Every structure is written in C-alpha cells, then in structure tokens.
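In the two complexes below, subunit A is the common chain; its partner is subunit B in one and subunit C in the other.
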Partner chain A sequence: MRFQNRFLFFALAVALLALPLGVKSDVVLTILVFSWLQGMLAVSFNLIFGFTGQLTMFHAAAFGIAGYATHLSMQHLGVGYWTGTVLAALFVSVLSIIVGTICFRFRLKEFYFAIVTLAFSEMARLTVLNWNSVTNGTLGINLQEKPWLFGFKVNDTVSWYYLSLVALAVTLLVCSRLVHSWMGRCFSAIRLNDELGDTLGINVFRYKLAAFVAGNFIAAVTGSLYAYYLGSLEPGFLSIDQSLGIVAMVLLGGRSSVFAPVVGAVLLTALPHLIHFSAEVRSIVYGSILILTILVMPQGIYGSIAALLRKRHAS
Partner chain B sequence: MGQLIFGQLLNGAIIGTLYGIIALGVTLTFGITGIVNFALGVFMMLGAYAAWYFTDTAGLPYPIAVLCAVGVTALAGLVADQALFRFTRNNLVNGLLVSIGMIAVLEATALLIFTATPKELHRVMPGVIQFMGFVLPKMKLTVFLVLLAVIFGTYAALTRTWIGRAAYAYAQNPEAAELMGVRTARLQTGVVVYSTALAGLGGALYASLYSLEPTLGSLFVLKAVEAAILAGIGSVIGSLFGGVILGVTEGVGSIYLPLAFRDVYGLVFLVAILLFMPAGLFAGRK
Partner chain C sequence: MLLEVRKLTKRFGGLTAVADVSFGISKGEIVGIFGPNGSGKTTLLNLVAGLMPPTEGGVLWKSVPIQGLPAHEVAASGLVKTFQNPQLFAELTVLEHLHIAAHLELKRRLGWRRLATLVRPDLAQAGHERAAQIVRICRLEASRDRLAAEISYGEEKMLGVAMALMCEPELLLLDEPASGLGAGEIENLEAVLRDLKAQGTTLCIIDHKVGFLGRLADRAIGLHHGAKIAEGAPDEVLRNPDVVMAYLGHSRDRI
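Our next item is the complex of A and B:
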C-alpha cells in the first residue's frame, strides 16, 4: 500500500469512527447501520462471485436461516446471543458444505450452479414459510433480546453503528487477507479457467467449496446481526429478491476488489431513504440502475473510477 | 375421488401447457442467444393485461384481442431486444441480470398502472362439455388445444423450413452457419421476439382462465425454466412434456400432500435432473 493510500485509509477510518459524535440524526445512523450490514453481505457474496467466479443464489438462504437459527438456539438451548450466532453460523456452514458438495461434485457451473443454488434457497424459504410450529410462518418472529458486549447492552443506534462498523471492518480484513493469500490465488485460477487450474494441481473442488462456505459463514453472521438489529424475522429474509439485491450491490460497486461492493451497498441502501419514492418507483429505479450498470459500466463504480485514475496516472 | 384425480390431471395438463409455452421460449432463446431470459414472465404478464385491456376496455372480441395482445408483446420484445438484449448476447450472467432488471422495472410499472387489485376478464366461452361422466370447461379445453397446436406448429416450422434449419445450424455452430449465409443477427432478434410473442400468447390465454395480478409472470417463468431444464434445454417438444409433467405433478400432488409442497416439486425435479441426467429427459430428441 502506498503512503497516499494508507493516509486516505486512516482518514476514512477516523472519519467513520468519529461520525456519531457529529451526526446526531438517528435516521442517518440507522441508514448507515443497514448499509454496513448490507455491505458485509455484498463483500461475502463477492468472495464467491467476484473472486471465485461462482454465481451463488444461496446467499439469501444463508442470511435468513442464520437469523432463525440464532433465535431458535437462544430459545431452546438457553445460550446467549453470541453463542447463538456462532451456532447459527456453524449450522449454515454445515448446510453450505452439503449444498456446495452436491453442486461442485457434480461440476455444476455458471447458470446451472446459479439455478441449483437458487432451488436450494427456495426450498429453504418454503420450509421456513410453512413450518409454522417452529418459524411462525408468514407472521414471522419478534425478537425482543439485544446482544450484550463487554457488559454493555447493544441497544441504541450509536452502539449498533459501532458494532456493525467493526463487523464490516473485520469482514473486509478477513476477506482481503484471504484474497491476497495463496488461497486467493487458487480462487482466481478457478475463476479464470478451472480446467486449467485442475491440470496445474489445484484441487478445484476443495477451493470452490472453501470460498462457498467462507462466504456463507459471513452471510450467516450478518443475518444474525441484521435480524437482531431489526428486531424481527420473516420468511422474506430468504426471498430471491434478497439475493438479487446483493447481486445488484456488488455489480454497482464493482466486483474486482474486496472493498468495492461496500460502495454499491451504501448507495443502494441509502438512495431510497434520501429521496422519498413510493415502493413502485423505487423498484423501477433499482431495475434501471441494474440494467444501466451492466450495459454502461460493467466494472461498477469503483472499477470505473479506478480505471479512470490509472489512465490519468499513466498519462 | 376419480372425478377429483381426473380434474387435477386436466388442470395440471393445462397449467403444464402454459409452463410449456414459456419453457419453449426459454429453450429457444437459450439455444440461439446463449442467455436465459427470465423476463419472459413479464412478457406473459404484458400479454395477459393486453388481452384484458382489448376485451374489457376496447371491447374487441376475445380471439382478436388475443392476436392484438400477441402483437403488442412481440413489439415490446423487439424494443427490449434492440435496446437491451442485443448487448448481452452469449453473456449469461449479464443477460440474466438485465432480464432481472427488466422484471423489476416492468412489474413495478404494471403495479402503478393496473394496481395490485386482481383483474377479471368477462367469461369467454362459458359452459362445459360432458364427457363420460366427467365435466370439462370448454375454455380450458380450447386453451389446451391452442397451446398444443402452437407448440407442434413451432416444431414443424423448425424441422421443415429453411429458417428452422438455419436456427439448428446456428445452435450447433454459429460461425459455420454465418458462412453458409445465415443472417445471424437477424436470426437472434427473430428468436427473441418469437419467444416473447409465445409468452404473450400464454399470458393472453391465461387471462381467460384466471384473474390477473402484476406478479403473475414471476412464478410462471421459474416453473418454465424448471420445465425446460427437466426436458433438456434445446428440446422443443420436450419443453411441452416438461411443462405437462410439472403441471400434472403439482395437480395430483396437491391431492395427497399439503398445498404448501406445490412449489417444491419443480425444485426437486430441477436438482435431481441436473445432478443425474444433466442433458434432460428428452436429450438428443430435438
């Protein structure tokens, strides 16, 4: 990292940490909490999609199942929130290993991988929707408990702001370490040409599975945080739209860097709140952004700006 | 019980031909342009609302309204192809995402224009046929026969005409087809437009049987993709059978198992087929 970049990075970190001191508006902070959590989702999705090249549609399921699993383990096993989250993330990991093993053993690629993960995700949603005795069906569940951290109850928006910001920072750190390690190189090799990777001695199955499980694990932690911040759970958490929303954030931000999806997440989360649209107009705007990004700016905002800067730097 | 099972079989077969006609569009578009057009569900919705508009508001007789609806959808398909899909040829992920963006835009627009209140068409062709003690609504039978005729007609056109052979040639080897004088850009546009017209026809006929909501297409297109994969992508007659198998399973399944399972059958079929018979049930039989 060059000096300039490092300076920018610290300035950004300090600004974000000091933000609640200056900004007292609960609305702004709430939007930012949602942005950070959506950002975590987008970054973890990008680990599977952008870096390993597998278009997974299982993300909404990992996200939603974790919320339910945290609640159920807290209710039935009597554990605290954090233990519940860990149990939920482990449960989602086991599910991802099963789904991933099925998909990658049978060498499903591209569209076929997307459609089979979508099928598993839909099965999970229909299970949650119809298993009334456990999930309370369409009505969903009210979550009254709030997590405790170092003797503090994470209750008000400011403490959630810090919790989500730290969670996002840890996610970015972990993903960036992962992507720049030998493992990340295996991911890239698989994305670029998995048959070639195979002949070079990379265990394609193992690394695809590793990326899939790691991404879903982070999505599970996010799901648990999101559900307890929102204070409710409903089957809509697992809907296809949720997965598509994540895809849109990643495309808008850019899929070539670890950090870029956060840009998309912040924009797509904040935009509907900044300008007051009806739900229909919001959907139209969202669809148009998706189409325009793909046709006009396939590298995403971050990628386009980076390319622009590189060009300037070179000339 | 026999009456119930027969009724569900018939219902399943009719819904199945509707799945089949969209599945045919999915299969053709995928074979020729290399993308899976999820937006076909939206074109189906467009066809359904157009048929409703032309009969209920413009007062045209139903068959003419159906033709107009198909025309409108085909025109919309042409615009969508030239403005959007032209740029995503053979890029599966981009095509997928553009079609998803289109769904968001068009469904929301339909919600703004038509509201979420279900629309009902005036009864077209009321009455039933008594057949060996079974009761068959005339309209359902008509829809079934029209869709069968269109699917078999498409099959005949693809196997018997020059354009059909050009399409097959293109699907097998695009460069060789181009060298043999196939106008490939025009062929691709034609296939996209034809697929949207099929979806519009499906929607227009759907309008005579069920009430309309702006989201009706989303469920159908997922089922159609399931049917197309069940049959094996690229198989024309297969997409009909894929749709009918799916529709009948859903119909008969809902007699014995809770209705909540209805949407699961297709997903289970989909996963099982892709894992164990990835070429589909009708592989090799184009």
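Our next item is the complex of A and C:
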C-alpha cells in the first residue's frame, strides 16, 4: 500500500511537471495556475478548519491584505517582489496574532468564532475599499511588475504554471509535516476535545493560535502570488464570497486529509470554464453542488474515494 | 508534604458542595476519598486540581498555591487528574490517544527544541516507546488499534488512566476509576494501581464505596454533604459511626 502510494505520487508529480510539454493551450494552463493557487488557499484554510476545528472566515482577508501589502512595500520601501511577499506574510502574521488572540482568549468557538473572524475580515475589506489614497478604492490597482526567479522573469503562463505548482507542493509538504507531527496531534486534540487536551497539558490557546497563524501565513503568500499573476488588485479579494468559495472547495474535496482540498479547488476553478453559466445560474449550481456534497458525501470527494478504496482493500 | 488542602469550601449558590475540608498527601501514598453520590467528591477533586476556584481556602502543590492556573499548567507541574465520565477523542485509536498524551513528556525532554522534530520526526520517537509500554502496563494491548468509539466502558476508563500516566504525573487524581466496571475489570484496575504504587507514583483515588479502596489505600477520608467526617486507616474509618450513619439505608456491604 505504502509503495503503491509512493508510486502514484511520483507518477502524478512527473505527469504534472511534464504537462506543459504536451498541453500548449494557454487557457488550460491558466485554469491550472488558478487551480494550484486556489489549492494552496484551500489547503491552508483546512489546516485551521479541518485539522484544528476552527471555522475561520479570515482567510480571504489574509489573502487580500497580503496582495496590497506586497504592492505597498515594493512601492514605498523599494524592495523586490520576494522581499515584499515575505514582509506581507509577516504583516499578515502579526494581524493574525492580534485577531487570533482576541478570539481565542475569549474562547470563541464554532459559530461565534466564524462570525467574529468574518467581522474582522469585513473591517479589513472596508478599510481597503475606503482608503482611496493608498488602495485606490473600488478601482483597484494595476500591477505591472512580475517576480524574478533565478534570473528569469516569471511572465508567461508556463513559468507561472511551474511557480504555482512548486508553491502548492511546498504548501502540501509543510502542512503534511505539521499535521503528522506532535503539533498536529495538538491540533487534533483541540478539534476533538479541547477540555481533555487541556488536562493533558496541551496549551490550547497557543496551538489554536499556531494553526491560525500558519494557515494565514500561507494564505498571505498565496495572495501575493495570485495578485501578481492576475496583474491587478481589488477589494473583492477580501470579500465574503471569496471566503465562502474556500469553504466550498474544502467541503467538496474533503477535509480529513492534507491533499483533499486540492481536488475541490481544481473542480470549482475549472468548472465555470468547462460549462458556461450566467452569473445567477452559477451561484445556484454551486450551491446545489455544495448541498449535495454535504448530504451525500460529507467526507468530500477525496474522502469518499479513499474510504471506498480502503474497503476494497480490506475485503 | 506533596499536596496540602487547607479549609477548602465551595458553594454553588445556596448549595455547599465542599465544606471546610483539609487534608494532606505525602509522596508515595495512596489516599482514598469516599462518600455517597453527591457528597462533593468530584468538586473537591476539581478544586484540588485547580480547575475551579474555591469559595474559601486554598491548595498548596509542592508548597506553591495553584489556584487560578490553567489546567494545562497544573498538568505540566505534575498534578494530573482523570474524569469520572471518560473523556476521549472519539475518532482516534487507543494508541493515538497516548501519542497525544505524550505531549508533556516531549515538552519536558526537548523544550523549544521540539520544533526541530518538524524537520526530524525521529527525535520524537521516545514518546512512542513510552506509549507502547503504558499500553502494556494498563493491559490495553488487545484494543491498541481500535477506535475509542468501539472499546468497552472498562477500557475507556483504563484509557483515561493510561493517558494520565503518559503525562508522567507526580500525583495522580483518579475520579471513580472503578465505578461501572465488572468484577474482572476492577481486579485488573487494582493490579494496575498496585504496579503504579510499586513504582512510587502517589495516588489519590475517589470512589463512592469503600470496598475497593479498603484493599488499596494507605489512608481513607470519608466525605458526607461536602464535609470530611472521618480520616485514618481504611478499616478504622469503615467502623466510624458517622460513616456508617452516612451510608444508612444501604446495606453494610454496599459501603
């Protein structure tokens, strides 16, 4: 089984790396770049939601703020793209520590945690929307610069394909290391029974905060990549729709494994391009898919298939 | 004196759950606390473990007051308690429970260096060996890989003890570990607790009857309506007229 997994993993990796050699369609590659970036967002969200049990609505804020913060530090501090991204991720981490400390000190859980993080997220969005002199308000900002990597300018779709794929792979590796470590066990304890975890000596506050900050840090890096790939920034990055979209990807893909949310991210990113709906119909289709998933396969697509394979294997 | 309880009182509104209770526990002792249902045993234990602020009085753990400390700090200081109704992580196996409970051991052994295990998982190995050893001590080998939702009530209670042991307690507080167990399971529990005593762990065990405590405890404390009504050698306490009165209405062998 382990060997098979390894083999599958390598086959998938090689296929994904070789893909741009065969697929020349810019549209397909573009969809995949967005899928990988949305995948990073979903995987990092799931670190907080699926593994630590905290339904955060701050993820879109972390994602959007980082885009703006990268741009602003490049513009005002004269740093390059990568330094700007690191600064943005650190800034988002500080914000997450503040928001997380407020929520977790007051022991906000479930519904209350979701609502309060949503309120912080909206505060961030309204700030971005109304602080015209800095963010250019509703109009947003055009981003001309592209990142440089090893002397290459990441400009065309194929370079972005590889950059986003590597970023997603690093995200998966980091999250999987975390989840399978002692810290991941603290996350499980918090999700399943935090009172018991507390009496076993686990500092529930500290590890809730650790998961929250780690998840938002990755969301920030994603936001910075996303904005510079897209070449523009607007307050919609921080919207509730964005947060709900992330929740949908995770529920559709599955939340019990590190990798599963990527499946949801790819499907929900690719779907609108495969089938053309008007905006109104699209919301209905999305909503129906979500409701169906929750009712028919609460473990998500990946979880259900994994369970099926396990059953096959056992019999 | 490892633990000193001084004039503890706890009132819930008009109800006095614990009334002016004082006692001490020395290193290596087994102290039994017994009393009928509702006599305030669980409340007393929660006060002792610092999980609840007392209305009056105080608790000294290794000569330091522990009121107001969060539960995880109390546990980290070596004072660990189990729950009367087993508290578990429903989706996890028995062994996974013990791996979670290895947290304090890892923290004590590596301190902040445990962050390095994120890159080098092998450094965390010792906790897993200890888990395997405690599975054996608690006689949970047969259900090691079963989910908490699938094991018997007796095993659930034993798993509670096993997790507490993973925390390397200096004083282990057990809230009615024997209630709800069959005769065979009680024998098993007794053997486990004797092993612990032989290894020098200090124990404070609560039960609603004396039977099983009488054989195990060095000293017994009788509780009734929240107040301490007797203290001494178990068989002496059993003969105490107040204790007999407290259990009146029950036949003698229920005590």
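Here is the rule we go by: the second predicted complex is superposed on the first by the 314 of 315 C-alpha atoms of A that agree within 3 Å, B and C clash if a C-alpha of one lies under 4 Å from a C-alpha of the other, contacts with A are read in each partner's own complex, and residues count from 1 in each chain.
FYI, a residue touches a chain if its C-beta (ideal position, glycine included) is under 8 Å from a C-beta of that chain, and two chains touch if they have at least 3 such contacts.
Keep in mind it's a predicted model, so treat the numbers as computed, not measured.
Upon superposition of the two complexes on subunit A, no clash is found between subunit B and subunit C, which fit side by side. When the shared chain is aligned, subunit C comes close enough to touch A:178, but subunit B does not.
The superposed model places subunit B and subunit C at 80 degrees from each other around the C-alpha centre of subunit A, with the value given to the nearest 10. In the superposition on chain A, contact of A:294 is made with subunit B only, not with subunit C. Of the two partner chains, subunit B is the only one touched by A:102; subunit C is not.
Counting the residues of subunit A touched by each of subunit B and subunit C gives the higher count for B.
In the superposed model, A:65 lies in contact with neither subunit B nor subunit C.
Touch criterion met: A:55 reaches subunit B, while subunit C stays clear of it. By the document's definition of touching, neither partner reaches A:219: not subunit B, not subunit C. Residue contacts after overlaying the shared chain place A:200 against subunit C, while subunit B stays out of touching range. By the document's definition of touching, of the two partners only subunit B reaches A:116; subunit C does not. Once chain A of one complex is fitted onto chain A of the other, the partner contacts of A:280 are limited to subunit B, with no touch recorded for subunit C. Taking every C-alpha atom of subunit B against every C-alpha atom of subunit C, the smallest gap after superposition is 17 Å. Judged by the document's definition of touching, no subunit A residue lies at the interface with subunit B and also at the interface with subunit C. Residues 36, 84, 87-88, 92-94, 96-98, 100-109, 111-112, 225, 229, 258, 260, 263-264, 267-268, 270-271, 274-275, 278 of subunit B are the ones that touch subunit A when the two sit in their complex. Against subunit A, the residues of subunit C that register as touching in their complex are 49, 51, 70-72, 75-76, 80-81, 83, 87-92, 96, 99-104, 106-107, 114, 117-119, 121, 124, 127, 163-164, 166-167. Within the complex, the subunit A residues that touch subunit B are 55, 102, 106, 108, 110-112, 114-116, 119-120, 122-123, 126, 129-130, 244, 247-248, 251, 279-284, 286-291, 294-295, 298.
Subunit A makes touch with subunit C in their complex at residues 177-178, 180-183, 185-186, 188-189, 192-193, 195-204.
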